[in-house]
Amino acid sequence: MNFLSDNAYGAAPEILAALAAANSGAVPPYGEDSVTARLTTRFSELFEHNVVVFPVATGTAANALALATLSPPHGAIFCHEESHVAVDECGATELLSGGARLALLHGANAKLAPETINAALAIYRRGVHGHAPAAISITQATEFGTVYTPSEIAALADIARRESMALHMDGARFANAIAHLGCSPADATWKAGVDVLSFGATKNGALCADTVVFFNKDLVLDFEYRRKRTGHLISKMRFVSAQLEAYLEEDLWLKHARRANSLAQKLARALAQIADLEIAAPVESNEVFVRMPKAVLSQLREAGAEFYEWTAARPDTTLIRLVVSFLTPEEHVERFVRIARGQR
Amino acid sequence: MNFLSDNAYGAAPEILAALAAANSGAVPPYGEDSVTARLTTRFSELFEHNVVVFPVATGTAANALALATLSPPHGAIFCHEESHVAVDECGATELLSGGARLALLHGANAKLAPETINAALAIYRRGVHGHAPAAISITQATEFGTVYTPSEIAALADIARRESMALHMDGARFANAIAHLGCSPADATWKAGVDVLSFGATKNGALCADTVVFFNKDLVLDFEYRRKRTGHLISKMRFVSAQLEAYLEEDLWLKHARRANSLAQKLARALAQIADLEIAAPVESNEVFVRMPKAVLSQLREAGAEFYEWTAARPDTTLIRLVVSFLTPEEHVERFVRIARGQR
Amino acid sequence: MNFLSDNAYGAAPEILAALAAANSGAVPPYGEDSVTARLTTRFSELFEHNVVVFPVATGTAANALALATLSPPHGAIFCHEESHVAVDECGATELLSGGARLALLHGANAKLAPETINAALAIYRRGVHGHAPAAISITQATEFGTVYTPSEIAALADIARRESMALHMDGARFANAIAHLGCSPADATWKAGVDVLSFGATKNGALCADTVVFFNKDLVLDFEYRRKRTGHLISKMRFVSAQLEAYLEEDLWLKHARRANSLAQKLARALAQIADLEIAAPVESNEVFVRMPKAVLSQLREAGAEFYEWTAARPDTTLIRLVVSFLTPEEHVERFVRIARGQR
Amino acid sequence: MNFLSDNAYGAAPEILAALAAANSGAVPPYGEDSVTARLTTRFSELFEHNVVVFPVATGTAANALALATLSPPHGAIFCHEESHVAVDECGATELLSGGARLALLHGANAKLAPETINAALAIYRRGVHGHAPAAISITQATEFGTVYTPSEIAALADIARRESMALHMDGARFANAIAHLGCSPADATWKAGVDVLSFGATKNGALCADTVVFFNKDLVLDFEYRRKRTGHLISKMRFVSAQLEAYLEEDLWLKHARRANSLAQKLARALAQIADLEIAAPVESNEVFVRMPKAVLSQLREAGAEFYEWTAARPDTTLIRLVVSFLTPEEHVERFVRIARGQR
């Protein structure tokens, strides 16, 4: 019963098969191969827009390289205080940007609101004495499993445009967000004003494949140099690109995300009916946050359930995070619920 | 007829099979899995020494993270002016170290000699006004396909010890060097004084898997933080570790290297017998450097041969590099020779 | 009527005279001169402790070089969200440290409290995924003109020791704090657990001279390299050192601070008696924060008073900062009060 | 008899007097004062061109900030292997640029020649795998006391234009070069194609004042942020600006340089007539390089002469550097010569 992370689960068989299919003959290295070339077309179709894509091996690389490209060394990047770029990447963005500031902002359900950005701007508009506001980074789906609607994104994008800032989206769980929204990928990204997307595949089916998607070619700037000099230009790139291609093939990415989201809903609905348990955030993707008495938590641990505990707000209960992967057995969800109910 | 790079070829079937084998169930992410745990044992056996290993996805990451750990931001790292860290990594070491200096040194056949290091030390011992000598980085096999003997390495290590510098080895083609030397991996590394090795697998059979091997635990310092904050801590690490495990299994790495070296020898011997062609460096691994008239070069290009041209030293001839992979068809080697001879 | 900043005022005649006195003959450059050598003795006497001192030209240099020395690139430095290092140095610490995180914390009157640090530690103790807590930086006197007592400092130092963090003090207005506390410089620094002090002289009488004071020699590490490679090793160092020497001579620094503090008290007492005006923070150094109706503010502006407005908390009043320098004419203070009262 | 460095000598009385003159009243800090404002006009007149000037306290700051502004983090900056930026600034440029490469080039008399730049370009034009050529930095006068003619500069500028690189001049001894050339400052800078100049005053009369001069406003970019976040925005800027103003007043800078150059000529002519002594480089500014037997060197040392020894090329003689300052007593020059002759 592993609910630790989507990363705890493995890869989709379709994606493993794509690696084998890509493994024939000699091809130009460093992304000059035909599989990588096809990605541009494939992603442009997906987003109904001419995009520039740069495959990388990790989500942290995608985020930090994107943000380092969008922000000058003296820039401020507004993000939620619970966001992955803020708390789970050990300062990758600060390092790769040459010392940009991640301005950590509050916001209900791990989402940023326009008024929060405006308040931060008042602090960060200090000329040469402070960091210069450079970008807004949002996470879709968020670290609390919530999802920005296209209009919520557009409201942030309006500020970004007004202030000449870029809008970045960390889409490590972009598939789960789209599966929830039911809209087109275009509607939730460039049509709403997103400039650059970290499009994640690793959590949702790949072995090690994410990609940076630029909706605006003018923002690419020196991205390729940055990718190379951080060791993220994979020599046998076809093996990363093939993962991404298979991930999009026949909407595998959405199929996976729908299954995970659906199981998360099932889990949340069942837990919500248990006395003393409280669902702590809207369940809009594949994460469920539950507040529970310590006794229940102990029973779950004893039964072998794996999950992370969030910072405790109240001494008598604990907030836990449950992540459901596209591969999580439905039986594990059911068993988890039974134990939480005090059954066997 | 692709002689561009070992990276142009794909992956070994054994390594692809290992990915499939590793793809079962949920395991702890970020290298806490059992496959990664086994690597420590496996590499310690290989090197007859307790080592600490950190898998990464690229050779540039391995080199730059290792050197950034070994050198302070104000350090000087002595390396050959033709080395990969110097000319093919776009300043990854400069970036990740926080501005260390790669001191580019001369040396026949892309190898560093003790007297060159000593001369450089005279320049770099300037107290706070200049960079502080911090490390020596050698490439094994070198960019010219030559190989350091254990005693040559030991002579450099002696200087490193005397000057309190670390000795790093870029082993992107370590397998080819060991296959040539016929000695144990231990003899060519820690027994000769190497502190840290970038052990490459990608060029010689893996999809994307190299690893940093620390022979001295005291030098590990903050390596793990550095790996994380550059986006090189792979979340589904088991898929990188599985590649490395399969690469070592039943000496697959040496089998590959011996085949590539042997074909390179065959190629070099045949080309050496052709009038007007000159083998420009000792062929000790899987690379052959040939100086040839432009007319011959044109014939080869027309026949579809792919390879890199090195900087021309003389206007009438060209120096080319031919890289033989473990997967290069023997027929391609033979055909290349026929065309170079003026045959069809 | 300039209450903008202590930096708006000039230099003490005693310090200008010291420059002329230091200007004789040829001496070794880069701090190897006798004036600089005397500083070590002079500061060691002042602090009743063997200290290591490094003169620099600016307070930002002192802070950022000190913190970059105390924190690894992946470190977190806890500081108040209103502190100079956080909001007035444009990311100097982030740049010079190689990407450390300034963790911006709340606290009444611009002071950090132990419980705030402990709460932050819970967030920042995440192993390799987050920044590693490395240092606490406090400002003395603070940006709100308040002063930490030795026991308040000691409480923070206890946490620092327990967590193996360093304790840094930004003493740009250290003189004003000591003048207020009436204790010895030793009591308010190393005896209370401070490891490194940015000792400011520029705001309180010098032209351009601050110095980093290490109370613990083991923490100096590579500070000298850092100072040099940021361009802060002044070649004709005697002219910076002479300012610092004159600043300490016959307690000039305290004499200046006492005058400025005293005028600030006078100013605050008078303003406090005016209806609709509110002193917003305890006046413990040379800064007075006053909340006032916009009409009063307009009158002051019209009369030529210069000062900064702080972020407005309430729409109908404005919070302003008044800084009194050792050179501020008493008549200006009196005139400011008269105008605030609605007189001429 | 101090011939160590121009930095060993003090400041001009005119410049000390300017500090006193600037020390009146309250003025806006951080360069918003009227003295600093006048500098723009003054330097624009001097260079017969609208320039943008940024005063800083040290030459290393001027160079590293200028080059970090001109080069992207992945840029290569071509400079002479003996240049101050290369060997005397402890990697300031590498640090402040975020990891740019100083490409160290050979050249007689510490000067770069067009063919050397062209050869380096062949190495550095490697696309994303290597650093991108970004700037050429020359030193005027050079570290060997030689001086580029305007036409020599123009030849380098032609390459810079062709390759879209910037041309930077380290003018720590710019005064000495202009005094030697006898041309206008304009002829030796922007008219010859120089984009940015580090205009030094410290070595030739100031206490701590150099300035970056941009001849092309479009290249200023984020220079002001860079200056601030490295701690080089002096708060009481008027005291740095006043030094620069006085330095230019009534051609004080040229008067100083002419005296120093003239004494260097006198010194060189006298030494050249001594048997066994050899002037090692053309004497075109205030430095004299002399090769001498060790016996002569010992006599000079015993008599108290101070100077630096350069790396010995031949075991039986030593190459020494003699720097003559605007303040060096003529009697010291005469005495030095007498002792070198074997007299008392």
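Which chain is which? They are A, B, C and D, in the order written, and residues in each are numbered from 1.
Keep in mind that, in the parts below, a residue touches a chain if its C-beta (ideal position, glycine included) is under 8 Å from a C-beta of that chain, and two chains touch if they have at least 3 such contacts.
None of these values were measured; they are calculated from a predicted model.
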Interchain contact steps from chain B to chain D (minimum; 1 if touching): 1
Interface residue overlap between copies chain A and chain B, same or different (over half shared): same
Chain whose mean Cα position lies farthest from chain A: D
Chain A and chain B: spacing of chain centres that average the CA atoms, whole Å: 34
For chain B paired with chain C, centre-to-centre distance based on mean C-alpha positions, whole Å: 51
Per-residue multi-chain contacts in chain B, two or more chains: 30, 73-74, 89-91, 95, 98-99, 128-129, 225, 228-229, 233
Contacting residues of chain A [partner chain C, same complex]: 73-74, 87-91, 94-95, 98-102, 104, 122-123, 126, 128-131, 311
Of chain B, residues touching chain C in the complex: 30, 72-74, 98-99, 128-129, 132, 222, 224-229, 233
Touch list for chain B against partner chain A, complex: 2, 4-5, 7-11, 16, 19-20, 22-30, 56-62, 64-65, 89-92, 95-96, 202-203, 207-208, 225, 228-236, 238-240, 306, 325, 327-328
